[in-house]
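In what comes next, chain A is part of two complexes: it sits with chain B in the first one and with chain C in the second one.
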Partner chain A sequence: MKQALILIPLLALPLVLNDFWLTQVATRSLILGVMALSLSFLATYLGVVSFAQATMAGIAGYTIAYFGPNTVGVGTPLPFWVTIPMALIFATLSGALVGLIARRSRGIYAIMITLAIGVAFFYFTRQNYTLFNGWTGFSGVRAPEVAGVSLRNPLLLYLLSLSTAGIALALVSGFVRSPLGLTIQAVRDAPGRVLALGISVTTPIVAAFAFSGLLAGAGGILNVWYQERISSFSVGLGPIIDILIISVIGGLRHPGGAFVGAVVFVLLDTFAVDLIDRERFNTLIGVVLLLIVIVAPGGLQQLAQDWAARLRSPQAKPKQASEHS
Partner chain B sequence: MTLFLIVTLNGLTLAALYFLAASGFSLIFGLMRTVNMAHGALLLLGGYVGYSIVEATGSWGLGVVGGGLAAGLAGAIVQAGVLGWMQGDELRQTLASIAISIIMADLMLWHWGGLTYQVELPDLLAGGHRLPVLGVGYATIRLALMGFALATGVALWFLIQRTRFGAVIRASVDDQDMLRAIGYPINRIFVLVFALGGMLAGMAGVVAASALSIAPGTDLQFLLSSLVVVIVGGMGSIGGAALGALLVGLAEQYGLAYAPTYGVVFTFAIMVLVLAVRPQGLMGKAEL
Partner chain C sequence: MPVNHSHTNANALEVRGVGKRFGGFWAVQGIDLTVRPGERRAILGPNGAGKTSLFNVLTGDTSATTGSITLFGDSVTRKPINKRIQRGLRRTYQHAHLFNGLTVRDTLFLAVAGVRGGWLQVLPLRASDERMTEAERLAEIAGVTDVLDRETSELSHGQRRQLEIGIALAENPKVLLLDEPAAGLSPAERPKLSALLMSLPKDVTVVLIEHDMDIALQTSESVSVLYNGRMLAEGSPDEIMRNEEVHRVYIGGAHGH
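Moving on to the complex of A and B:
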């Protein structure tokens, strides 16, 4: 019911926004939000912060580019009803693979391993020309046309991104209540006890990573349609950090916060030119990240919850806030 | 055969650089459980400062020392100013150090621009050297680099195993609370070790700028290598860092020479293989 209340104004958004706001801000936020959701999901329910989400999204994007219409003459074009499921499957498999590699590592170790995987993939796409067309990557990637209208059309891409985001959120909330989803949370809380019950911890961990790969892949497909190109820079440290920053701004332990973080990030990215020299955007985003980590480690979502709690009962100060005040 | 020898020597050169970079990273991690994501940025800062000093004074030795001191100071500021306040919250420290590395990389790009820098070598190290027995010529600076890494490794081992300060570090790795209880200023020790790690990175940066070259992006390259080296070798172990650096450096160069477009895959395969067999790294202690 609450979700429906948010959905109505979002559906009405195209009526009030012009093409710039709709595409550059709203659609982009949704796409980045879906990718960041894949990270927040892992962080919240498996308790692992993964830096390989841009890699999974990139694998979906590269699949679309390689098997779709592009202007660099690499790959074999296939119809889009083949490439889209294929891209999602590859992204899911890559997620499972990352999970398999990182399955025995937790906390900072998992961060180091997934970061190494992500950066290694970046260098790999740069070196390899047969599959990834090296440094230049793929350009001229076109979104499929349905009944003569391209899905890249601002309105259609917005609605598509909105429905993908909605489905992704619904999938997450359904998945975490399923037996497998509950096992994943049990592994997060007490891996030793899960093992003692005779349940393997490998399967839930790999499944959680695979599911996050599916989410990241969905975001990756939308992103390659939106950008109309993909290259090594789409999977480099930049996007890896962007996804992380979005999740942290929204709150790593709040899956829905990914979209809040995405809106803040996109607004900063779009309008930073007015605040600060365009060239120094990275300094700005670094300072924002540092401030969030220092002032509100739970992210904006947590901050809002704390304030709401404080407004309701001024006496009972929330724990989080008193720690840092 | 000559190609194989040259590639092996290149691999050893790279391994020496990776060891210099990773030893500081590993030292910091071993003591404080801090994954210092700004390590690559410290290395690049050292390289840039070293370059500027060599340009201004013409003394290469001064450049190496100055680059190391600048990065060491920056490391101390990072620990004392930001990371120290979050001691114990590893995820937060990691995120904060990422933010610092982004800011540092951007400010360095601002000041030094996107150019590629190479430090001018002193006469003693310029040119090549014909190796006895092997019968191939090789750049003197690269040979000196291997010697430098070896000397650094021995010095670190001596510092940690044979001096009083090293004993305090080792005690702190084992039981921080006890050390604090008997009155050691643990926060100051943390800052010192961070400065030491930063100094190692900064000197590695100057040496990297002399033997190879540095540019924006070098920070990422060395952060990745440091990560893989300590994952492979074992976190917090200097010997592990040496072993990991050897494996990764050689794998990268053989990969580059014999399978140019799949070079990174070798590095990656080593990491995956080690994680499958020994998740704590080849010479790491098991955590759980």
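Moving on to the complex of A and C:
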């Protein structure tokens, strides 16, 4: 419950930030954070790094675009209370499917198989016009209106993203304490032993991927409302790597790290142009990533926790001082 | 899960002509083994004799190449692990692969859920959950109550062995296969484990692989000796002690180290 205290300053954020900061930095961080959370969840609790999270997010985004108002004239508009659950279900199912395909793979093989799925989906969206409208994709995607106000309104989209992020984190922390969540962690530690207990290994793996698909899907819905468009570039190698970078910066050992990573990523992405040439963003993020991997392999979240622990235990300091003297 | 034993007079475990082949190598071959309900049976044999391979076939960790396995009169030869567990068969492993990121409590909970089911539930576990109460009972029997909320990666070797037995005791097993439960224990830890083994309910059938001749002969009513994947001799501890062939391949060999 202590974690819930962080909500208070976050709820007050719109009072101090202008629309640029609120939308371009805060909301975008939250949306990317939710997508990265789907990866951090898999990495932390199933021990698998998946490159297909942008694909699951994209499937939710494309569902919203196809079945919602857009300006390219493709798809069938349906009311948003139909499309939103539908997008989440499709994303969850896509996650389950990825899990089913990758269920026997670990480490580098899981990465290769999920990357192959991600890239295959990218090319599929470029070549399919009936569902995905080819490489141009969908533009003019509008967020639903509630009482005449669009959810794309900076304040509303921020609050919606904030609550989605909060719910996603609460879901993760509840889920990992459930029998299925414990089974998933047991599969991470010793899959053979899980079988020996009389429990299936495939089902927990598929369930973990499905759950990560749900999280990614929630991020994907927010993202398509935020961007107001979606195309093959939204599910290409770029976003795939962005999600990975965010998760690694934040730390793959704790789900909350995804949001820390997202804030750092978005700040760098937004202000790199002021620091160095726009073209050099990849260099900058690469250097940051390298520093994180070398200095804080547990990510910024872990680094902050270590510092906090050091500050909390006053004995540690004099001890260190005496060691140096 | 309640199991209806229509064959109350049936043997706890009946193994006929069981063999396991890996490529061109028979790990065990032509094994016959009959264990009565409530019997304490030790399986002896030098390294590589096929003791663990036999256990793996009995529990379903690997499938038998030949032969049949019957549990209380029900054939389980082609049944998966979970079906055998539900019929009351449990085992411990010689090399404990535990869930390092989980606590002792959660590990025992999963052992219970493996038998009783319900591991697919997605709502957070409540402390009042019956399966959790059962997990705590197991921890008490296994003597790991004081480390209930520690991660298993923090346990000592002895505590890990005790937890192994706690896992195997989930939901009242009928046949317990113990694979060298005392292996690697310090002299101080051994009596604790022996006491734990001795305190097992008398109606539980126990098949024990043990390297330590003294422990094996003390705790068991009957002994089977495996050698090169075949059953070499069977009998009471006294008979086995007097068996010249056993002396030659095993006891004599052990002295030769």
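By definition in this document, the second predicted complex is superposed on the first by the 306 of 325 C-alpha atoms of A that agree within 3 Å, B and C clash if a C-alpha of one lies under 4 Å from a C-alpha of the other, contacts with A are read in each partner's own complex, and residues count from 1 in each chain.
One rule holds for everything that comes next: contacts are C-beta pairs under 8 Å (C-beta built on N, C-alpha and C of every residue); 3 or more make two chains touch, one makes a residue touch a chain.
Please read these numbers as outputs of a predicted model, since none were measured by experiment.
Participant: In the superposed model built on chain A, check whether chain B and chain C fit or clash.
Facilitator: Fit - chain B and chain C, as placed by superposing on chain A, sit side by side.
Participant: Looking at A:177 after the superposition, I want to know if it touches chain B, chain C, both of them or none. Which is it: first, second, both, neither?
Facilitator: Once the two structures are laid over each other on A, A:177 reaches chain C alone.
Participant: Quick check on the superposed pair: does A:71 touch chain B, chain C, both, or neither? Answer first, second, both or neither.
Facilitator: The answer is neither, since A:71 touches no partner chain.
Participant: Considering only touches as defined above, state whether A:163 meets chain B (first), chain C (second), both or neither.
Facilitator: A:163: touches no partner chain.
Participant: Going by the contact rule set out at the top, does A:190 touch chain B (first), chain C (second), both, or neither?
Facilitator: After superposing on A, A:190 lies in contact with chain C but is clear of chain B.
Participant: Touching A:202 in the superposition: chain B (first), chain C (second), both, neither?
Facilitator: A:202 contacts neither chain B nor chain C.
Participant: Once the two structures are placed together by chain A, how many degrees is the angle at chain A between chain B and chain C, based on Cα centres and rounded to a multiple of 10?
Facilitator: 80
Participant: For the overlaid complexes, name the partner, chain B or chain C, with more touching residues on chain A.
Facilitator: For chain A, the partner with the higher number of touched residues is B.
Participant: Applying the document's definition of touch, where does A:108 land relative to chain B and chain C: first, second, both, or neither?
Facilitator: first
Participant: In the overlaid three-chain picture, find the nearest pair of C-alpha atoms across chain B and chain C and give that distance in Å.
Facilitator: 14
Participant: What residues on chain A does chain C touch that chain B touches too?
Facilitator: None.
Participant: Inside the complex, what are the residues of chain A that reach chain B?
Facilitator: These residues of chain A touch chain B: 49, 101-102, 104-105, 107-109, 111-113, 115-117, 119-120, 123-124, 127-130, 237, 241, 244, 248, 252, 279-280, 282-283, 285-287, 289-290, 293-294, 297.
Participant: Using the touch definition up top, name the residues of chain C that touch chain A in the complex.
Facilitator: My answer: residues 59, 61, 81-82, 85-86, 91, 93, 97-102, 106-107, 109-111, 113-115, 118-125, 167.
Participant: Residue numbers of chain A touching chain C in their complex, please.
Facilitator: The contact residues of chain A facing chain C are 174-175, 177-183, 185-186, 188-190, 192-200, 203, 207.
Participant: Any idea which chain B residues touch chain A in the complex?
Facilitator: 33, 35, 82, 85-86, 89-92, 94-96, 98-103, 105-107, 110, 220, 223-224, 227-228, 230-231, 235, 260-265, 267-268, 271-272, 275-276, 279, 287
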